[in-house]
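The data blocks that follow each hold one structure.
Okay, so chain A shows up in both of these, paired with chain B first and chain C after.
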Partner chain A sequence: MTRTPWSARALLALLALLALGPVLALIVQAMAASWRFHALYPADTGFEAFANLLVSHRLRSALLMSLGLALATGATAMVLGFWAGRALSGAAGAVRRVGAMAAFLPVVAPPIALGIGLQVVVLKAGLGGDWQGVLLAHLVPATGYVTLYFLGVLSAYDDGMEEEARTLGANRWQVLRRITVPALRRRLAEALVLGALVSWGQLALTLLVGGGAVRTLPVELLSLLQSGDDRVGAAAAVALTIPPLLALGLLQVGARRAGSHT
Partner chain B sequence: MPLGRRWNPGVWAIALVAAPVALGSAYSLAASVGLAGAGAGEFAPGRLLGVLSAAETWRSVGWTVWTAAVATVLASAGAMLIAILLRGVKGARALAVIPLAVPHVAGALAVLLLLGQSGLLSRVAFALGWTSQPADFPPLIYDRPGIGLILAFAWKELPFLALTALAVRDTRSSLLEEVARTLGANRRATWRRVTLPLLWRGMAPSIIAVFAFLLGQYEMAVLLGPSDPLPLPVLTYERSMDSVLPRRGEAHALALIALGLTLLLVIMHEMVRQPEDDA
Partner chain C sequence: MSDGGLQLEGVDVRFGTAAGLRGLTLQVAAGERVALLGPSGAGKTSLLRVIAGLDPLAGGRVIVGGIDVSSVTPDRRRTVYLHQNPSLFTHLSVVDNVAFPLEVRGVERRQARRQATELLARVHLDGFALRRAGGLSGGQRHRVALARALAAQPHVLLLDEPFSALDPSLRAEVREAVMALLDDRGPATIVVTHDIDEAAQFADRLAVLLDRRITQFAPPGEVLCHPASLRVARFLGIPNIIAGASDGTGRFESPIGSVPAGSHAGPGLLVGRADAFLATRAPAGRGIARVEAFVERVGGTWLWVRAGAARVLASEAGDARLAVGDSVEITIFPDRVHVLPPESDSVTEDVPRVR
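Moving on to the complex of A and B:
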């Protein structure tokens, strides 16, 4: 590689500042016991706000609720999205195109606009203010994302092995368990993470469909900010950022090991 | 297997992913013309027409389109710069994806801490002697031009667009750039005639996606946006919680506007997508 020119180095420094600055600001705010105006850095620091996340019953149960919802959303969206992506990738041109648009719609549809309609459907199903209702709502965008993901991935997937196994007498379940899942293991894991992340950061759908009764970490964070508790809020924000950061890191390492850029 | 017509599994898949949006939109349509929801009765389009003719609605829509558009342009420009100057530079990709991991609520708080009138930038301005109190610092949060919100949006969307731009350069433009150089084009001409047009074409679907996504972004808008005009998602949410029940129907009319815009952008997205995007 040639020497990095100064313009590239300057841009890299700016990028580092932009990428890391806001995250550092959250960490410092969470540590700041007192940080009056004028002071460039807090006079007094400690880990109390982070400890509060685990000690406070309210925040701890919000953390668990978020984790549970994210895992359930990720796992369910992985199954639904795999099935839908597979069906669409094998479909004829027009069905495939309409399918891609249909899957893209819940991904970009405004969560508030989507949630206002979904709220009623969930209420009619008797799940209003329940975590099951919120799970259903989170599944709508998550399934869209995962379907699009598999639509892309599966167009490069060779199903010749499945064909052979079937010729040799394997039934559908055996083909799925012995051939498809092992061949796509990494892709399925990525899809699960993708679905889980969609749920993890979700606030608008949770507020509308959960009616304020389902308290996830983003819901608690919003309340903390609206009541002016920036310190504990910042600790909650850091806690919200760590799992996606780890997931992204793991995916990058996994992708590098597999020798691709996905 | 019977020879009769079977529903193509692709059609079922479309039904699965589209049904929730279709159901929700249908309900919103019914509720906004008085056929469903609080005080439902006969067909009464007055509420929908009222919302559609209210100045407040269009100020909110206009403001939301403006902030989303400026943020999309900023993030796209940043992503192109990264793809042009930092492709292959160690650490650039890892740094660029970091904001992707920060959930919107958390990102909004970070922007408050940095850009608020008693935030870090304001403190730096004070330390440099540019301001003598927090109020001297220009309001970048809850401000009418939406500067703080635009910067927050652009920051949050930069990773997705940067990854797209880097992928376009990795897969499509390198070879063509080489060909252009070999044929005698200088750096500038190569850049203007090959790199930029290819980046633009390759990024167009993602740019439309980001714009559509930002139009509906609620978390950052509620924490960083002004109260007049209210960003469309915030206005919609507030209406849906209105203590005056009939006004809640207006939320459905506002949701229809947002969903209509989204549908338009989804169609545009499909139109600019290239066949090789499927591969």
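Moving on to the complex of A and C:
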């Protein structure tokens, strides 16, 4: 086995610290009952902030709203992004370039700019301040991400399998159900998680399109921070990071069981 | 079981936006095996895809089992297309791969699996039924793909370079398995291959696709001994193309001997494979040619001999024990050579290399 050079190991440790450092700081902040300036450690710690999070009806309903929106966004973006990615991967020349750019635009556009544009559309559709309007808004960047993801995945996908299935007597629906979906099961799961995570972390779009009436966990977190309740805010922020970590962990387990790594 | 085979009537095939094959007409009977030969880019795969309904037909009609399927979707054509590297469904077991065509046609799962197991036994893979398809070797994959294709009970089977990805020992094994199964089941089969020897062994007839049309369609012996044109002869890699002329007495004279000229008159080209010319040691002073080199092949040894301007690849008489520089006589087997009219390009100085 090749030994990893010390410089690479140091770089990996630094990256891990950068990724985990803020989460650890949040956990300490949430547990610190008393942490005065200049003190290196909190004088008193406890789980009260997490307990408050669990008993708060407002935070629980925000958590449910975020989960619902994320799942709906992930599932819808997975379907839309799959078809868009498939169409683009089969296209050539200008169609493929323009299509990829269209998928890329909501990914790179600043959320605030995207939100203002979407606000107009959603208000015209009569969905302003509604969860359906927020779902539509979340779908725009999520579908962009998922389309780009599938564009990469499907470029390496052997569609000869589908062609042979067709000539073996399977109609389009049977090919989709019995060949395409099972063959791409893990990729579809990854796309669902990707779309859900895009929705899970949205703040600007939710505020602009939901008008403050759609209370997701990030929106509640912002309120807590504005009200100065840093401890519960930190606990809520920790809660916000748990589902993405769980989802990524599950995907890794799935990949290992399938005999390959993501 | 098949009934009626395949018929192409004036089929046009486009290559993307470019003009492709035009007005192809071909008939393959049920149970017949046809090898489609042609240089790379001739449109062999494009033609198979059009027959299978995977690409649109630009003109003409495709008739399968007596029914015009030109506008029928691929799943309803009773025409199975196999890629060069068979695309097994890697998320399914071997037996479920073979049962797939039966299940999608509504056969109950248990019955489909039973039939699939029988088919696997016919390709000697019954012990592999429950394995994942992704874990099979190249030869096993081909045999599973073939069993799966036959489970669909096609009228037409299209094999796109089925043996080219296999090593020489597996090629023979898979080819034999395919031939054994096809004899029994009897779909009209078209196989695309670049290997002319393989095509000749596998097929009942060869179709040579050159210059966007089928230039010759005949049994292997006929195509290889009597190519329709110099272009076909060159494509097939026939090594001997020797200039000569008909002398007006019904004989065609060349530097290595004469043969019946048939209807040919005037200058022409004598075309033949190495086995059409037999080199034997010449008695002193009677040799017309001299041995230049030996060509070692799996199937035996050939030798290059020179007679004046003509260079001929010939087979060696069993007891000749020739060496380079020996003087030889050449016996020409008239039924294995063909006289063609001369074409614009000179050939005697540009004899194709042995494959």
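Note that the second predicted complex is superposed on the first by the 233 of 262 C-alpha atoms of A that agree within 3 Å, B and C clash if a C-alpha of one lies under 4 Å from a C-alpha of the other, contacts with A are read in each partner's own complex, and residues count from 1 in each chain.
By definition in this document, a contact is a pair of C-beta atoms (placed from the backbone, for glycine too) under 8 Å apart; a residue touches a chain by one contact, two chains touch by 3 or more.
Predicted model, so just to flag it, every value in this text is computed and none were measured.
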Should the superposition on chain A be reported as showing a clash between chain B and chain C, or a fit? fit
Just checking: does A:178 make contact with chain B only, chain C only, both, or neither of them? Give me first, second, both or neither. second
Looking at A:110, would you say it contacts chain B, chain C, both, or neither? Reply first, second, both or neither. first
Quick one: is A:72 in contact with chain B, with chain C, with both, or with neither? Answer first, second, both or neither. neither
With chain A at the apex, figure out the C-alpha centre angle toward chain B and chain C and round it to a multiple of 10 degrees. 100
Is A:31 touching the first partner chain B, the second partner chain C, both, or neither of them? neither
In the overlay, answer first, second, both or neither for which of chain B and chain C A:161 touches. second
So, A:169: does it touch chain B (first), chain C (second), both, or neither? second
Looking at A:118 after the superposition, I want to know if it touches chain B, chain C, both of them or none. Which is it: first, second, both, neither? first
State whether A:134 touches chain B only (first), chain C only (second), both chains, or neither. neither
Quick check on the superposed model: minimum Cα to Cα separation from chain B to chain C, whole Å please. 8
Which residues of chain A are in contact with chain B in one complex and with chain C in the other? none
Listed in rising order, the residues of chain A that touch chain B in the complex are 1, 4-5, 7-8, 11-12, 15-16, 18-23, 25-26, 29, 37-40, 80, 83-85, 87-88, 90-92, 95-121, 140, 143-144, 147, 151-152, 155-156, 200-201, 203-204, 207-208, 218, 221-222, 225, 230, 233-234, 236-238, 240-241, 244-245, 247-248, 252, 261
Interface with chain C, chain A side, in the complex: residues 158, 160-161, 163-171, 174, 178-179, 182-183, 185
Under the stated contact criterion, what part of chain C meets chain A in this complex? 52-54, 73-77, 79-83, 85-92, 100-101, 104-105, 145, 148-149, 151-152
Chain A touches which residues of chain B in the complex? 8-14, 16-18, 20-21, 23-28, 31, 36-37, 81-82, 85-86, 88-89, 91-92, 94-114, 118, 120, 122-124, 126-127, 134, 155, 158, 167, 170, 209, 212-213, 215-219, 222-223, 232-233, 236-237, 240, 251-252, 254-256, 258-259, 262-263, 265-267, 269-270, 273, 278-279
